[in-house]
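Per-chain residue numbering starts at 1, and chain names A, B, C and D are given in the order in which the chains are listed.
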Amino acid sequence: MQFLSDNAARVHPRVWQAMQAADAPDAPYDGDALSRRLDAVFADLFGRDCAVVWAGTGTAANCLALATLVQPHGGVICHRESHIEMDEGGAPGFYLHGAKLLLAEGAGAKLSVAAVEQVLAGITRGVHQVQAHAISVTQASEYGQAYTPDELRALGALAANRGLGLHMDGARFANAVAFLGCSPAEAAGPVDALSFGFTKNGGMDAEVIVFFDPAKADLARWRRKRAGHLHSKGRFMAAQVVALLEGGLWLELAGHANALAAEVAWGASERLVYRPQANEVFARLTAAERAALRAQGFAFYDWDEACVRFVTAWDTREEDARALSRALAAL
Amino acid sequence: MQFLSDNAARVHPRVWQAMQAADAPDAPYDGDALSRRLDAVFADLFGRDCAVVWAGTGTAANCLALATLVQPHGGVICHRESHIEMDEGGAPGFYLHGAKLLLAEGAGAKLSVAAVEQVLAGITRGVHQVQAHAISVTQASEYGQAYTPDELRALGALAANRGLGLHMDGARFANAVAFLGCSPAEAAGPVDALSFGFTKNGGMDAEVIVFFDPAKADLARWRRKRAGHLHSKGRFMAAQVVALLEGGLWLELAGHANALAAEVAWGASERLVYRPQANEVFARLTAAERAALRAQGFAFYDWDEACVRFVTAWDTREEDARALSRALAAL
Amino acid sequence: MQFLSDNAARVHPRVWQAMQAADAPDAPYDGDALSRRLDAVFADLFGRDCAVVWAGTGTAANCLALATLVQPHGGVICHRESHIEMDEGGAPGFYLHGAKLLLAEGAGAKLSVAAVEQVLAGITRGVHQVQAHAISVTQASEYGQAYTPDELRALGALAANRGLGLHMDGARFANAVAFLGCSPAEAAGPVDALSFGFTKNGGMDAEVIVFFDPAKADLARWRRKRAGHLHSKGRFMAAQVVALLEGGLWLELAGHANALAAEVAWGASERLVYRPQANEVFARLTAAERAALRAQGFAFYDWDEACVRFVTAWDTREEDARALSRALAAL
Amino acid sequence: MQFLSDNAARVHPRVWQAMQAADAPDAPYDGDALSRRLDAVFADLFGRDCAVVWAGTGTAANCLALATLVQPHGGVICHRESHIEMDEGGAPGFYLHGAKLLLAEGAGAKLSVAAVEQVLAGITRGVHQVQAHAISVTQASEYGQAYTPDELRALGALAANRGLGLHMDGARFANAVAFLGCSPAEAAGPVDALSFGFTKNGGMDAEVIVFFDPAKADLARWRRKRAGHLHSKGRFMAAQVVALLEGGLWLELAGHANALAAEVAWGASERLVYRPQANEVFARLTAAERAALRAQGFAFYDWDEACVRFVTAWDTREEDARALSRALAAL
């Protein structure tokens, strides 16, 4: 009973079908029919024009997006526990040519206007200090917390006032949308670039960057090739994305994962670090309790000494989530 | 009848099967059972210890390999028409942090000892000039020409004498081995790192770098994550590679493509720029002749004003190759 | 009465004389007689072999030194308030090709073994997290605090155990040596590379990096040229350094600055944030007190809301320091 | 009798005086009175608004200038024998974060419109190939050849049509102006950024970048600090520049060097590779002839097997130039 992560979950059957249907000769790279449909597909989803660039990993999507917003001598304000800071092996430093991550605090690994302003207030020495060029938020956050449309509007206004770009790491964007119950456009807010993840949500290896400014997408295309991320058979990546968007499959799968996280959280209600707003549950457990759960066959991640993380995925079985919930309650 | 490139060819049925068989929970990244088998699989193939790192594109494989051999202030001696110089959108400059490609001449886009020595002879100004740190050869070359084991030994001796790393871009390594009729070890020669391509030869998006020095593989693993190329579901990449190696499928598919290139070349014998040693045919055709062929339904690439390029793939149909050969002969 | 910084102080008369004496034809770059003497001069000073590379600024010296110890995918453990983190405009990100500064806490902007170990303890995710490759300490620290030989030995042992390089930013190394009253070798401890500053201490624009491993100096020479820091008339830089070392002038000048800082500190004894161990005094002053001092003609830097910084230099006049001391005492 | 290079020549007495006059407390970095005068001083010289950034070496000036015109994924069209390609130790790769030098041919190391267009014509593969973002010319060229105002206008028109930046490496701009007898504005032509050298022409270590677009100068200031080129006592650099511009000293010194090069050329008239248009003479000499000259006490650089280079400087003595001229004539 696996609750370690959603990042290695199975590939959805409809994704397999779409990939196999794409196994016919077509133009290489992103010149194929499926890749060429993406702009329109996402424009429909977001209700506004956009330009879409696919990439094979979330790290690549995040960093290619940021590289359109940040110059090498600049910085990105992000949360101290964000994925780009903690889990991407220094990829932002590589893709942004030495630009810096400027770390902000905030409960639930979410940025607030106040936290961003505090970082900005500390940058006072002109050329002697790295200046912020962009803000990066994670929807949902590392702790499975969602930004509300209002929170995003406030951060967007701050970004606009200070001339900063706004990026959203949406590795679990689907889970945030499913939780918020709002439109994708509202869940994205006024971002310049959204890394929209499909790999954790039924795909094999497909993420897209949605740019609301086409010039930035052009820039990302040069950088994507230069980073070795322009797959020659890109049609298989586009096929995954199209299959997951079709008929709202992406939202259905994310909803399933969220529901099971809620189920797990129910059993851990006394122990929750945060009330789950996506597909992650952080629960305070002692070493003995962890051992007890593992003895019952549950796999999960030791977040730190205080708490563990349970992640549900599109393919998590209801009976497993229920069993975990009961086991947590019984501790 | 498509002879444009092998880079967007279909995925082999056995590869599909292997990928679907891999669609069960396993460790993320390269911790899965299939990825962990790769070192042993390639050690068998090459008859010596090696450490293997997968990547999703040839550009990534080449550049990650080179980054283990070249420091940012160094350079790579390569052919003026090599893929890393002409077709990777500046990826070497990105991955090597500004290191330089030092261009050598040579018929058939192959490097000779003399050509490399000429480049080295031009580097005389100490710190004022970028020094060579490595040599990169392409097996088979951009013109579908194969290096013989003797040629590789000579280049390897030169590299060793001068303290240079030796890298092989093997995007079409299978085709070279099939042509040479030697062992993979002989076709690789004394290289430090081999980018061994599977995408053009029945795979979907799978290349590996074979390192004969494990320390270099370690280094490549750090750099791979940092470049956003560490797929979370890496088992699907490893599955492709294992499927293609099993039972020598890789060699069989490359042999098929080579045979059809020979078929095409037979019809163009008076027009050949090079005698094909892999799956590419370069033929001198006038604009009128090109138009005539296209009118008959053949798709191919205008290499330059003098010649065109026909590429066969593992899935090229014999009847198409025969038809093209006849059409060429009839011009 | 200027106490803003020592960074724009005058050039010592003996430095002027030495520079003018160097104004005769000699080999360009670092091939001149003076540059070629530096290795021997510093070997004498440190009582062990070393290889010395000059550079025109402290930022360049620090970053060229670190680039020999840290790979692009690695990181440098340094204090949250160190110069490389706060005041070099992102130069480490540039010179180290995106490597990361890993920030540690510590009173007086000094690193302790415990603080470094805490940073190391937080790096647990393998390739997903940037690993430390080096530690950088500042002697004297941003708050004018000196590391004792024992403290350096402990940090050196930790670095050795963990396979980390050890760098010292010695922009005010002279002041630290003058305070500690020990040998330069003891004040440097077991560092791999020391950025030894002369600009703030009577020079015009001369810093050196002292490498105790000649291979690292070789590497720094390639990188220095590549960074545009190989001055063609390097003899003028070497002349400054030689003049300041001759007869212990460097130590005499630093001693003077330290003594005047002590004088200033005497007047501010109730207000000191740290007891000065170099030529900087940090004192708690209200806005009204700052205004009062400025009205009396004293120039100084508002460090933050709590305190101000007074810096003395080799050319600070005793009467000015005394006046400031009295003014502080009278507040 | 030294004709090796002008790069290590003496410092002019008026430069010494100006530097010593600047040895009084002033604001650090480029906040001092002299640095703040530079914009106006160069606006006078060029008859149009400009923003000026100093740097300590020509390599830094060239690369900081180019970094404002070229993105990391782009390229710079330059001559195969230009300084940025041959003599800067890979600095463009470093400062431009991996951008590429795109090499053009041309007699006298000068670029023509046709040569640039030929490079552009070879860039046809979209994201797969590095695109040109700028053109860099050298005034005077590596072979001491000057671009006429007409030639620069033509290159400027091409750059504008193709959306390319235009940079001029003016390490010997003074010599070109002195030769052309036109205004500095005409000798610079429609460049976006001019690296204007003073080090070879009486300075110690002072170059400036003249930007005709202030936004680019702002960008260069961030990059300069980040590259460790923001000297804390920048007033000494500005002092050099101001002293050399005052009363046209720069042009007088360059005129002297040019005249002595003409004197040398006179004696070598049968052997000239190019008719000198600055302060360099390239002459065909056999090994025996070289040895004979050296035996007479002349020092010079072996350019290649065919020819040698003689360089005159502001401090070359007339009698030495005359002696060399006679010795050449007598060969």
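Assume a contact is a pair of C-beta atoms (placed from the backbone, for glycine too) under 8 Å apart; a residue touches a chain by one contact, two chains touch by 3 or more.
Predicted, not measured: the structure shown is a model, and the values here were computed from it.
Q: Given the two chain pairs B-D and A-B, which is bridged by the higher number of C-beta pairs in contact?
A: Output for the comparison: A-B.
Q: Taking each chain's centre as the mean of its C-alpha atoms, which one ends up farthest from the centre of chain D?
A: So the chain farthest away from chain D turns out to be A.
Q: Report the inter-chain centroid distance for chain A and chain C in whole angstrom, where each centroid is the mean of the CA atoms.
A: Here the centre of chain C sits 42 Å away from the centre of chain A.
Q: Report, in whole Å, the distance between the mean C-alpha point of chain B and the mean C-alpha point of chain C.
A: 49
Q: How many Å are there between the centre of chain B and the centre of chain D, using C-alpha atoms for each centre?
A: For chain B versus chain D, the centre distance works out to 42 Å.
Q: Centroid of chain A to centroid of chain B, CA atoms only: how many Å?
A: 34
Q: Going by the contact rule already set, what residues in chain A reach two or more other chains?
A: 72-73, 88-90, 93-94, 97-98, 127-128, 222, 225-226, 230
Q: Chain C touches which residues of chain A in the complex?
A: 72-73, 75, 86-90, 92-94, 96-100, 125, 127-130
Q: In the complex formed with chain D, which residues of chain C make contact?
A: For chain C paired with chain D, touching residues are 2, 5, 7-11, 16, 20, 23-29, 32, 55-57, 59-61, 63, 88-91, 93-95, 199-200, 204-205, 222, 225-233, 235-236.
Q: Under the touch definition given earlier, write down the residues of chain D that touch chain A in their complex.
A: Within the complex, chain D contacts chain A at residues 72-73, 97-98, 127-128, 131, 221-226, 230.
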